[in-house]
Structure formats: structure tokens, C-alpha cells
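Next come two complexes, and both contain chain A; in the first it sits with chain B, in the second with chain C.
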Partner chain A sequence: MISFVIYKFVVCVIVFGLSLAVAAYSTWWERKLSALLQDRIGPNRAGPFGLLQPLADGGKMFFKEEIIPNVSNKFLFILGPSLFMLTALMTGSVIPWGKSFTTEAGNTYSFQITDISIGVLYLFGVVSIGVYGIMIGGWASNNKFALLGAIRASSQMISYEIAMGISVIALIVTSGGTLSLSEIVEQQDAGFANIVWQPLGFLIFFICALAETNRAPFDLPECESELVGGYHTEYSSMKLGLFLFAEYINMFISSAIMAAFYFGGYNFPWAHELYQTLGLHDGSVWISIIGFGAFFTKICIFISVFMWVRWTLPRFRYDQLMHLGWKILLPLSLLNLAITVVVEYFRGNIHL
Partner chain B sequence: MQLTNRSKVVSDKVQTGMEKMYLPAILKGMMITASHIFKRRPTIKYPEHTRKMSAVYRGLHVLKRDEKGAERCTACGLCAVACPAEAITMESAERKKGEESLYREEKYARVYEINMLRCIFCGLCEEACPKEAIFLTDRIVDTEYEREDFIYGKDKLVEKIDKPIDVSKRQTLAVTEFKKIPGLKHNAVWEGNRLDRKSN
Partner chain C sequence: MLGYTITQWLFGILSFLAIMFALMVVFSRNPVNSVLYLVMTFFCIAGHYLLMNAQFLAIVHIVVYAGAIMVLFLFVIMLMDLNQDSEPQKSAWIKIVAGIAGGLLLFVLVGTLKGTEQMNLTSYGSSQIGTVKNLGKVLFSEFLFPFEIASVLLLAAMVGAIMIGKKEIK
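Now for the complex of A and B:
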């Protein structure tokens, strides 16, 4: 029992540290990739290839002057970024990072903080709480621009959550009605990855994920040309840092969710053949680690695609954003759900 | 009436279904940005590498000395007249006995100032100078905190005796040949020519 608690504690710390590290290096990679796409060199002064840049940025954030506006609600002003960061970190807890392994004593450990049976529901719940962080922060600033940014963020996240949710319902229908993330990933071990059955669903999910994480081309909440800085206009120092950092953590987690839902998570083609040639038996810790490597590679690719999209596309106009969300993605996701249900019914997987 | 063939006919055709989807266009755009990953970067990593300077770069001025270390400038004021930015001012003085090693001729510039904020580095002063006294060099004017500090006096402009500044690249053959033409009045006092004229 004690070993179980210690193990879970260690996994928590690792996931927490991993989220922070990946978010930090996402900022570096964002700058590096944008430079690559624009014929520049990017950060190259702090350490080799500028690899110490995140440390320098973080240090800079901490040492900046911290300004809390006099007319703001101080409690809510501090609560906003804290809540945003908290929810961003909480989402990582249900993601299965690798296959579970068995020790010689016969104990099974999973590469997951907690495998709750309603993982998908938990994920959506936490993500929708995330909008409170932005909303509270923007409102507490007592600044018109911040409020406008916050309103944009909340309306955008609510609009796109619907299409996202429906596309995930279609996914759940194909994977036999389970809401547990580890089961969804495990099912893709035997057959194909879900992208084969749900290409349209993945496309909708991907577009919604861009909107959910406030990434370009849906970064209207922090649209500099119209709203100064959007919801974080009044923020400075590490509170601003938390907002920016949480955005990258959200990006990391949504990449992880996409990889787990649609691209098989820690599974990869010819995994079993590879394990056989390496002479690894089921339950070996090395299988878990190799699987985690595959999962992490997929996540990195998704993060890069997020950035690639950002540095290619210009920002949407607000009415275009709403038009896309309500009039295109929502009907499309409903259509996708209907088709999925009909197909699954005729395959005999759904019983009325 | 059509004047040229360069005008383009504007159409307001309705988007086709493919175009309305935007996805093909987005993919095309992403391919364009991705292709830039493999392009050559024009950046010069400055402190380690510097841009190659032209051999005839026009930077900070120098007031030359002659072979014996005496100042060439005679404060004739031609550079100040030629200067389009009116950046040059000078005061002349008469050479005293015993100062022959300092100043080449009887008249010299007691004060010679160039305002580096006014100067446009066109090089006309250099062209106007009959004494080959002023040259633009490949040195760059330093940054300063005060405007006054940009007014360079003789202390900064005149080359140090022990550290002569090479201006051979800016002494083009055409100019040196031109300045040797004996018939031109301003060349009459040029040292090399003086002997020629006497012998004539």
C-alpha cells in the first residue's frame, strides 16, 4: 500500500514536472520554429541553440515589477491566473502516458496518475473550468480591453466545446462506449488507430483544440491589434507568465489528448514485432518506456503542427469565428455523429 | 479607354465548394511556410561575423599628416564650402617660427570641427580638398550620450603620428592623377608638382 502511494506520488511529480518542462521548451521551440519558417535563426545566444532561453525568460518574468491595478479586485486578480494554471495542470492527471507494467513481486503499476472510468467527462469538465480563469482575470482587471478579451475567450471556448464534445461522442461510439482514456488507448492496440474510423471527427477536434487553447488562427482573446493584450492586458511579472505558460501547458495536454484519442497514444505500428525482436515479455517496464517515447513523439509532432498553423494563418475575424463554430463545425460534428451511429448500428456494435 | 495592357480584369465570381472549404488553401499555405525551413538564412551572426565592408566605405573622417608628420590641412575652407550638410567649421591661424614640424604650410587650422550628427558622409569634403588632407575612412562614428560629444574636434580627427591611418583605398588613381595636373591652379602648391613647375 505504502509503495503504491509513493509510486503515485512519484508519477504526480513526474507529470507535473513534465508538463512544466514541455511548456517551457514549447516557448523555445515556438520561437525557433517561427524563425525557421520565416528565414530567421531564432534564439541562439543563451546556451547551445538557445536552449537556456526558457530559463532566461522565466528568470526575467520573476524579476519584473509586479503591478496590481488599484481599481482591480485583488483577490480575483490573483485568482484568475492561478485558476487557469491549476486547471491546465489538472488535465494531465487522466492521460495514460504508457502501458502499465508488472514488477517481479506481481504488483501492477500504470503510467497514469488516475484511471477514472469517466476520464473523458473529467477532461471536459476541467477544460471548461479553465475558461473561468480567463474570465475572472479579465473581469478583475477592471479594464475594458481585458473584459472584451475575456468575453471573447469565454464565448469562443463555449462555442467550440460543443463541436468538440460531439466529435468526441462519435469517437466514444466507435470505441464501444467507454469513457476511460486508458481503455480508449488500449483498444487501438489491437486494431487501427481511431483516425482511420474518425477522420472527420479528428479534423473537427483539431480545429476545436486550436480554438480551445486560444491559439492562432483563433487567438482573438489576446488580439494585440484590437485589444492591446486581451484578457492579460493588466497583468505583469509572473502572473502574466502563468497565463502564457498555462497556454503552452494546455497545448501540450490537448496534443496528448489528440494523440491518445485518435493516434493510438503509446501504441505504434509493429510495436509487438519490435518487442518480440527485443525479447521483451508483456508487463516489462521497458515496453512502458518505449511506449511513452512513442506517445511523446506524437505529442511533439502535434505541438509543432499547432505552431506551424499559427505561423501560417492570419487571425479570424470575430464573426467568422462564430460562423465557423456554430454554422459549420457544429452541423458537421452532428453529421459525423449520425453517420458513426448508423455505421456502428449496422456493424452490430449498438443494440437498441 | 485602355491606355496600357497592364490592367487586370477584376472578377467577383462566387467561391466554389472546394474554395469554401479553405482546407486545400490552408494546406497550400502551410506547405509554403514549411518550404522556408530549407531556405538559406540571410542573417549574419554579428559579433562573431561581420558584414564585409566595402573597400571605399565612407565612415569617420581623418585629417592626414604628411610624410614628415606635419598636418596637411591649411584651413582653406573648401571642404566647408563643399559640405552640403554644413557640418564643417574651422578657424585658421598663422604658423609661428619653430612650428614647421607641426604644420606643413604657413597657414593651418587652429580649430577644425565636424558635427557628426549633421554629416551625411557623402565624401564631398574629401573631393574638394586640394591638400589631400581630409579622407573618409572605414571606421564608424561612436555612439555618445550627449549631442555635444558628436562634434568632433582636431583631437579626434587628426591622425596620431605613431598610428597613421591607411587611406590608400580611397585615393583612387583618377583623383591622384587629376590632382597632379600642373595646369590647375589648386595643384600648383602640391608638393610633388612644385618641383615640376620650377623646372618648367
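Now for the complex of A and C:
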């Protein structure tokens, strides 16, 4: 029992640290990738290839002067970014990072903080709470640009949650009706990855993930030409840092969810053949670690795609954004669900 | 611990928090704070659902009420910019009337609760009824008709909202 508690504690700390580390180095990679796409060099002063740049940025954020607007509600002003960061970090707890392994004593440990049976619903619950951080922060700033940014952000997030939810329902139908993330990943081990059955669903999910994380081309909440800085206009120092940082954590987690839902998570083609060649038997810790490596590679590819999209596409206009969300993505996701149910019926996975 | 199980402790703490936040909704001066306390109340109620093994209801409660409806409430209140100075103060006798009406409602509620002691409650199904699988099975077999009727009701509400929201009807 005690060893179990200690193990879970260690996993929590690792997932927490990993989220922060990946978010920090995403900022570096974002600058490097944008430099590559625009034929520049990018950060190269702090350390080799500018690798220490995130530390320098973080230090700068901490030591900058902190300004709290005089008229704002101070408690809510501080609560906003904290809540946004909290919800960003909470989503990581249900993601299966690797196969579970068995020790020689016969205890099984999983590479996951908790495997709740309603994991997918939990994710949606946390995502829907994430709006509050932005709304509270934007309102407490007592600035009209911040308020407008907050309203844009939250109406955008609510609108795209619907299409996202319906595309995930189609995925759950394909996965045989399970809501547990580890089971969704595990059942992709035997057959194909879900992307084979859900290409349209993946596309919808990906677009919605871009909108949910407020990334370009859906970064209207912080669009500089119209709203100064959007919902974080009045924020400075590490509170601004928390808002920006949480965006990168959200990006990391949504990449992880896409990799787990549609691309097999820690599974990869010919994995069993590889393990046989290496002489690893089921339940070995090395299988978990190799699987985690595969998962992490997929996540990094998705993060790069997020950035690639940002530095390629221009920003939408707000009515175009709402038009895309409600009139194109929502009917498409409903169509996808209907097609999925018919296909799964003929594949024999649905019994009436 | 004092002869109570963990579930009883959780029930007690959650109930205390739920009632406390519900009172804060009423007593807080700032309408935005009221909405936020209401969200906290919803979280406590979701916790109660979890204690009753109704996971689906708990999460849907958070997604729908805390995540969608209260966000819209917050929208409206933030845009209306209500605060103590600009709010018109009600006259004394309106407060008295409101107090009497509220007291009567409390009286009715207490009376209803008193009757429940004699009622024989029979639990429906097993204690696992709240899990997603069992709930879905029951909803789509035994209670299919009321379930579908509720969806028509929601559709009617949606159409009505769109009709009201339209500027001019062509």
C-alpha cells in the first residue's frame, strides 16, 4: 500500500515536471521553428543553439515588476491565471503515458496517474472549467479590451467544445464503447490505429484543439491589432507568464490526447516484432519505456504541427470563426458520427 | 474517526460546503462573486453525485452547469456591469414582502421533508445504476419514451431561442 502511494506520488511529480519542461522547451522550439519558416536564425545567444533561452525567459518573467491595476478585484485578478494553469495541469492525470509493467514481486504498476472509467468525460469536464480562468482574469482586469478578449475566448471555446465532443463520441463508438483512455489506447494495439477508421473525426478534433488552445489561426482572443493583448492586457510579470505558459501546456496535453486517441498512443507498427527481437517479455519495464518514447515522439510531431499551422495561416475573422464552428464543423461531426455508427454496425462491433 | 466512515465524513464536509456556498450566493454583494459561489455549489453537488456512485451525472453536471450555463450567466452579468452604486435600492416594504414569501416557501419545504420520514423508498436497480453503461441501458430501453420526449422539449426551446434572437423575421 505504502509503495503504491509512493509510486503514484512519483508519477504525479514526473507528469507535472514533464508538462512544465515540455511547455518551456516548446517556447524555444516555437521560436526556432518560426525562424526556420521565415528564413531567420532564431534565438542563439543563451547556450548552444539558444537552448538556455527558456530559462532566461522564465527568469525575466519572475523578476519583472508586477503591476496590479488599482481598481480591479484583487483576489479574482490573481485567481484568473492560477485557475487557468491549474486546469491545464489537471488534464495530464488521465493520459496513459506507457504500458503498465510488472515487477518480479508480481506488483503491476501503470504509467498513468489514474485510470478512471470515465476518463474521456473527465477530460471534457476539466476543459469546460478552463474557460473560467480566462473569463475571471479578463473581467477582473477592469479593462474593456481584456473583457472583450475574455468574451471572445470563452465563446470560442464553448462553441468548439461541441464539435469536439461529437467527434470524440464517434471515436468512442469505434473503440467499442469504452470511456477509459487506457482501454482506448490498448485496443489500438491489436488492430489498426483509430485514424484508419476516423480520418474525418481526427480532422475535426484537430481543428477544435487549435481553437480550444487559442492558437493561430484561432487566436482572436489575443489578437494584437484589435485588442492590444486580449484577456491578458493588464497582466504583467509571472501572472502573464502563467497565462502564456498554460497555453503551451494545453498544447502539449492536446497533442498527447490526439496521439492517444487517434494514433495509438504508446503503440507503434511492428512493436511486438521489435520486442521479440530484443528478447523482452510482456510486463517488462523496458517495453513501457520504449512505448513512452514512441508516444513522446508522436506528441513532439503534433506540437510541431501546431506551430507549423501558426506560422503558416493568417488569423480568421470572428464571424468566419463562428461560421466554421457552428455551420461547418458541427454538421460534419454529426455526419461523421452517423457514418461511424453505420460502418461499425456492418463491422459487427455494435449489437442491437 | 469518531465512529464515522470516510463516506460519511465526505458527505458531511460536502454538505457543509454546499450549504455555505449556497448562502454566499445570496449574501454576497457583488453579482460576479455570486455566480462564482454558485459554480462552487455545483461542484459540491457533483461531489455528492460521485458519493452516490453516479459518475456520469457528476461529470455531466460539471460540464453542462458549471462549464456552459454558468459561463453564459457570467457573460451576461459581466456585460451588464452591475455594481452596488448603480443598483436601485428596494424600498423597505418590498423587503418585508420578500421575507414573508421566502419564509412561506421554507415552511412548505420543511413540511414536505417531514413527510418523507414515513415514506418507504425503494431503491431502483442496483447501486451501480449510475455508471455510464447501466444508465445508458436503462435510458434507451425502459425510459426511452420520456427520454425522447425530453429531447423534443429541448429542441423546441432551442428553436424558440433562435426565433427570439433573430433581428427580423423574413
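One rule holds for everything that comes next: the second predicted complex is superposed on the first by the 352 of 352 C-alpha atoms of A that agree within 3 Å, B and C clash if a C-alpha of one lies under 4 Å from a C-alpha of the other, contacts with A are read in each partner's own complex, and residues count from 1 in each chain.
Methods note: contacts are C-beta pairs under 8 Å (C-beta built on N, C-alpha and C of every residue); 3 or more make two chains touch, one makes a residue touch a chain.
Computed from a predicted model, the values in this text were never measured in an experiment.
Residue contacts after overlaying the shared chain place A:170 against neither chain B nor chain C.
In the superposed model, A:124 makes contact with chain C only, not with chain B. In the superposition on chain A, A:260 contacts neither chain B nor chain C.
When the shared chain is aligned, chain B comes close enough to touch A:313, but chain C does not.
In the superposed pair of complexes, A:90 makes contact with neither chain B nor chain C.
Legend: residue contacts after superposition of the two complexes on their common chain; A:290 is shown touching neither chain B nor chain C. Once the two complexes are overlaid on the shared chain, A:184 sits clear of chain B and of chain C alike. In the superposed model, A:249 makes contact with neither chain B nor chain C. For chain A, the partner that touches more of its residues is C, with chain B and chain C as the two candidates.
When the shared chain is aligned, chain B comes close enough to touch A:37, but chain C does not. In the superposition on chain A, the residues of chain A contacted by chain B and by chain C do not overlap at all.
Taken in their complex, chain A has these residues touching chain C: 73, 76, 116-118, 121-122, 124-125, 127-129, 131-132, 135-136, 139, 147, 150-151, 154-155, 158, 161, 177, 179. The residues of chain A lying in touch with chain B in their complex are 36-41, 44, 308-309, 311-313.
Those residues of chain B whose C-beta lies close enough to touch chain A in the complex are 26, 29-30, 32-34, 36-37, 39-43, 45.
Considering their complex, residues 30, 32, 36, 39, 55-56, 59-60, 62-63, 66-68, 71, 74-75, 78-79, 131-133 of chain C touch chain A.
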